[in-house]
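Below are structures written as structure tokens.
Okay, so chain A shows up in both of these, paired with chain B first and chain C after.
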Partner chain A sequence: MHDERDITVDYLARVEGEGALHLELRDNEVADLKFKIFEPPRFFEALLRGRRFGEAPDITARICGICPVAYQVSSCNAMEDAAGVAVPDQLQRLRRLIYCGEWIESHALHVYFLHAPDFLGFASGIAMAEFFPDRIEAGLALKKVGNTLMTVLGGREIHPINLRVGGFYRVPTTAELEALVPDLERALEIAVETTRWVSGFPFPQFDRDYEFVALRHPEEYAIHQGRIASSGGLDIAVDEWPDWFHEEHVEWSNALHARTSDGSSYHVGPMARYSLNSALLTGTAREEAERAGLGVTVSNPFQSIVVRAVEMVFACEEALRIIEQYRRPEQPSVEVSPAAATGHGASEAPRGLLYHRYAIDGEGLITEAHIVPPTSQNQLSIEEDLRAFVPGHVQLPDDELQWKLEQAIRNYDPCISCATHFLDLTVERR
Partner chain B sequence: MTTPKLAVWKFASCDGCQLTLLDLEDELLAIAGAIEIAYFPEATRSVVAGPYELSLVEGSITTADDAARIQEVRAQSETLVTIGACATSGGIQALRNWADVNDFVSIVYAEPGYIDTLETSTPIADHVAVDFELRGCPISKAQLLETIDSFLRGRKPNIPAHSVCVECKWRGTPCVMVAQGIPCLGPVTQAGCGAICPAYNRGCYGCFGPSESPNLESLAGWWRRLGVGDADVVRALRTFNANAPEFREAGDVYAR
Partner chain C sequence: MTPERLVIGIGNPDRGDDAAGVQVARKVHAGRVIVWADCSVLMDLWDAHDDVIIVDAMNSGLPPGTIQRFDAGDKPLPARAFPSTHAFGVAETVELARSLGKLPDHLIVFGIEVADVELGMHLSDEVADAVDRVAHEIDTMLGGG
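Let's turn to the complex of A and B:
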């Protein structure tokens, strides 16, 4: 007689968007595993056709309410590439600054509200508040500083209005940025405390050999610009993305699966960035990473929460550094004149590499758009993690196994709203 | 008196409007004390069974499954409030309403047969009775707080329907259209954002949808005088509230 088990999670919680997992076990072996994204498609790549090139940042921001700046920066980079325009460094510093705000806001949400509850056995961050009121209040304060940074620079925290192809509509005064310093200094202290707290969580023994892919920049921990690098030795310009990666469409998911050109999975996000670029972290972030016991690379996906905390330390320090060196640019933007061309753009969304490509015509209208969000790229890696994780944990009762698998998915901070062009968890034991 | 139960539902959307609830950093724990967060998958894996006294609904209806699911949500909800441009007008994904959805599917997906979608993206109120619609792309934190507070006190939410122009005057922002010749949708767009765009030297782009009795014909005339062609007027009206009746009708006029 076969031992058959079915475990089902119809609607995965504490992720952004709608997804599900189906797992079938037969005699404790994985018979079938599908990570499904049933988030309804919204067809951004189609609806962008015929729009003006300058509309791309505002329209693509609506792909994701949690990381709109990532969409705005990647689309601006692509349009500026198409037009052959270089945006001056002072304006690039401001893009990096608002991006620091998005990393803080998004990572604080994930660390405190979406991921920490798994390690401590709570259903939610709000349920944790009763037992760890000081922690949750500190997490909210940290998140708020990220949002404040986005609001001052972007006009509002969700779908900021101030980024445009060529720069900004309005650049902040020195006084407006200096007013943020006390909040950022407090946020830096909280981020350091957060790193020390989460590095003490119980992590399952689970290491994987990932191909990490992230932006890399010679002088700084890459966020808003850089070349695409991998742990396997890839080092390419952003416009070479199509030569090295491709997407495929599988029946069970509304999110396309990205693979490297040789067909393997790869891993984007904080662990990839850290593993490729940790030497470029700011001083306190490097010290805290070492204190937390992170090596030169991180291969246990459950430890991604520690890397996110380290990146919050980094983002606070980096924001303070940019503000200290800020001199208000004379012009908020440079003029971008469209010509018929194709442009490529990438940046590091909180969840990982976000690639955009657009073709525009001589009138400046978009004729083709291609957007590859981080969660599409991580989908295969998530499935492989689950396949690798199950055999060592089949002895767990269904409800505990289910929770652990959910946690393994949340390691990636998947953004399903983004990837749908992506959770419900089903485990069947047969 | 028992604590009322809150449910937060998602349909086709970017998650930004429900994130607004979590972005109320200073008020979140007080809200969680006044109303039981019973169903909110983005924030918690625990589910408390309905019925729910207050449901916040984000997103538009774009699949047959979702058209059926909203009926179940309505049946479990005493008060149903839609939040954001997707839920109140159909969102940016309503641009399919002017196209052949099969073309859209085949542009994005290699295997169109795997995709199950409706030809249109429609607001929640096209499918079920809605008690209150909270506009915005995204919604305003202050207006969300006002909506929850008014529900808890059993009063009507105080959400003005006047235009963004009023907020520019309150804010002391000189009119960008008059002073700088920048095309602006402020005169026909409902207030609520705080008139951010003009304060950052750009024209309003209509996130909160049509204001009360918008004079779109007059506005289009002014835009033409600023040298804006009809195709760009149509693009401006067809964004996040493209399917809101006043914007839809005016967009169709200038598209001819």
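Let's turn to the complex of A and C:
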């Protein structure tokens, strides 16, 4: 007689079916495992066709309320690539600065409100707030500093409107940026405390041999520009992405699964960035990583929460450094004239590599758009983690196993993770 | 504390009926109006206010356009009725604020039941009608309109 267990995690939110997990166990072996996500970029790719090239940053920013800057920077990079325009370094510094704000905001949300409750045994950040009000307030304070940085540079906190192909609509004054320094210094302290706090969490023994993929830059921890590198030795220009990676449909999900050209999974996000670029972290971030016990690379996905905390330390330090060196550019943007061409752009969204490709015609209209978000690149890796994790934990009761599996999914901070604390969980035994 | 009442409309303007709260906030004549998509900033927004009204789309299984009014000081909001694709929906934020002792003295939350939240900028007829009624009720409460 077979012992069959079905674990199905359905997600109910404003739109049903944005993410779901189905696991079927037979004789304690994984018989079937499917992780599904709903992927908004596909709709936007169609929407973009026929629009002017300069509209891409504002349209694609609407794909994600948590990481609009990533979409804006990747699309700007692609359009500037198509036009053959180089944006001056001072404007690039500002892109990096607003991106630091997005990393702080997004990581603070995930570390404190989505992931920490998993480790501490709370069902949500709200439940945690009763017992750890100081921590939750620290998380809110960090997030607020990220918001403020986004507002000053982006014009508003959600869906910033100040970025454009060629630069910005308006660049901040030195005084406007200097006013942020006290908040950022405080945020740096909180981020350091955060790193020390989360590094003491209990981490399941679980290591994977990932193919990490992230941007790499010779002089800095890559965020807004760089070449695409991998732990397997890949080192390519962003416009070579289609030669080395591809996407495929799978029948159980409307999202595309990305693979390397030899068909393997790969891993993007904080762990990939850290493992490829940790030597380029700022001083305090490097010290805190070492103190937290992180090696040169990290292979336990449950430790991603520590890497996110280290990246918050880095983002605060980097933002302070950029502000200290800031000289207001004379022009907020450079002229970009469209030519019939294809452009490729990438940047490091909080969740990992975000690749955009656009074909534009001689009139500057978009004829083709292709957007590959981090979560679709991580989808295979998430499934493989779950398949590898289940056998060692199959003796857990269903509810505990579900919890651990959700936690394993949240290691990636997938776009659906916002909702996974409100999952309807059902277990079927047959 | 600021005596002025704060009216906050919540929702994604590009997602059909999800924009109901935003549309109400735009229609209200009196009181200060702030439109927002992500609730995590609510506590900062209402920080200096004793008297706050929030309007959000609701998805609780009731007929589209149904209006519900909650007094957040009385009891917890039904989290299931206010789902969010962001980490913080209205209900979560209100409960978080309650845990931290940061609720305004008076907090009224209006929910408008949605019909359709597909991408797009239109409101369904029932929801558009409910938006008008809630805006009117708020204006009456605030002595404006």
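Everything that follows uses one rule, which is that the second predicted complex is superposed on the first by the 404 of 430 C-alpha atoms of A that agree within 3 Å, B and C clash if a C-alpha of one lies under 4 Å from a C-alpha of the other, contacts with A are read in each partner's own complex, and residues count from 1 in each chain.
Convention: a residue touches a chain if its C-beta (ideal position, glycine included) is under 8 Å from a C-beta of that chain, and two chains touch if they have at least 3 such contacts.
No experiment lies behind these values; they were computed from the predicted model shown.
Colleague: Should A:248 be classified as contacting the first partner (chain B), the second (chain C), both, or neither?
Modeller: first
Colleague: Kindly classify A:55 by the partners it touches after superposition: chain B alone (first), chain C alone (second), both, or neither?
Modeller: The answer is first: A:55 touches chain B but not chain C.
Colleague: If you count the residues of chain A that each partner touches, which comes out higher, chain B or chain C?
Modeller: B
Colleague: Just checking: does A:140 make contact with chain B only, chain C only, both, or neither of them? Give me first, second, both or neither.
Modeller: It touches chain B and chain C both.
Colleague: First (chain B), second (chain C), both or neither: which does A:126 touch?
Modeller: A:126: touches chain B and chain C.
Colleague: Kindly list the residues of chain A that each of chain B and chain C touches, one partner per complex.
Modeller: Residues 12-15, 18, 40, 43, 62, 65-66, 109, 113-114, 124-126, 129, 136-137, 140, 143-144, 147, 157-159, 421, which sit in both footprints.
Colleague: In their complex, what parts of chain A are in touch with chain B?
Modeller: Interface residues on chain A, with respect to chain B: 11-18, 39-47, 49, 51-52, 55, 58-59, 62-66, 68, 109, 113-114, 117, 123-127, 129, 136-137, 140-141, 143-144, 147, 155-159, 161-162, 164, 169-170, 248-251, 254, 256, 332, 403, 406, 415, 417, 421.
Colleague: Can you name the residues of chain A that touch chain C in the complex?
Modeller: 12-15, 18, 40, 43, 62, 65-66, 109, 113-114, 124-126, 129-130, 133, 136-137, 140, 143-144, 147, 157-159, 418-419, 421-422
Colleague: Touching chain A in the complex: which residues of chain B?
Modeller: Within the complex, chain B touches chain A at residues 10-17, 19-20, 22-23, 25-26, 28-29, 32, 37, 40-46, 62-63, 66, 91-93, 95-96, 99, 101, 103-105, 107-111, 114-115, 117, 121, 137-138, 193, 196-197, 199-202, 205, 207, 232, 235, 239-240.
Colleague: Of all residues in chain C, which touch chain A in the complex?
Modeller: It is residues 12, 14-15, 18, 36-38, 40-41, 43-44, 57, 59, 79, 83-88, 92, 95-96, 99-100, 114, 117-119 of chain C that touch chain A.
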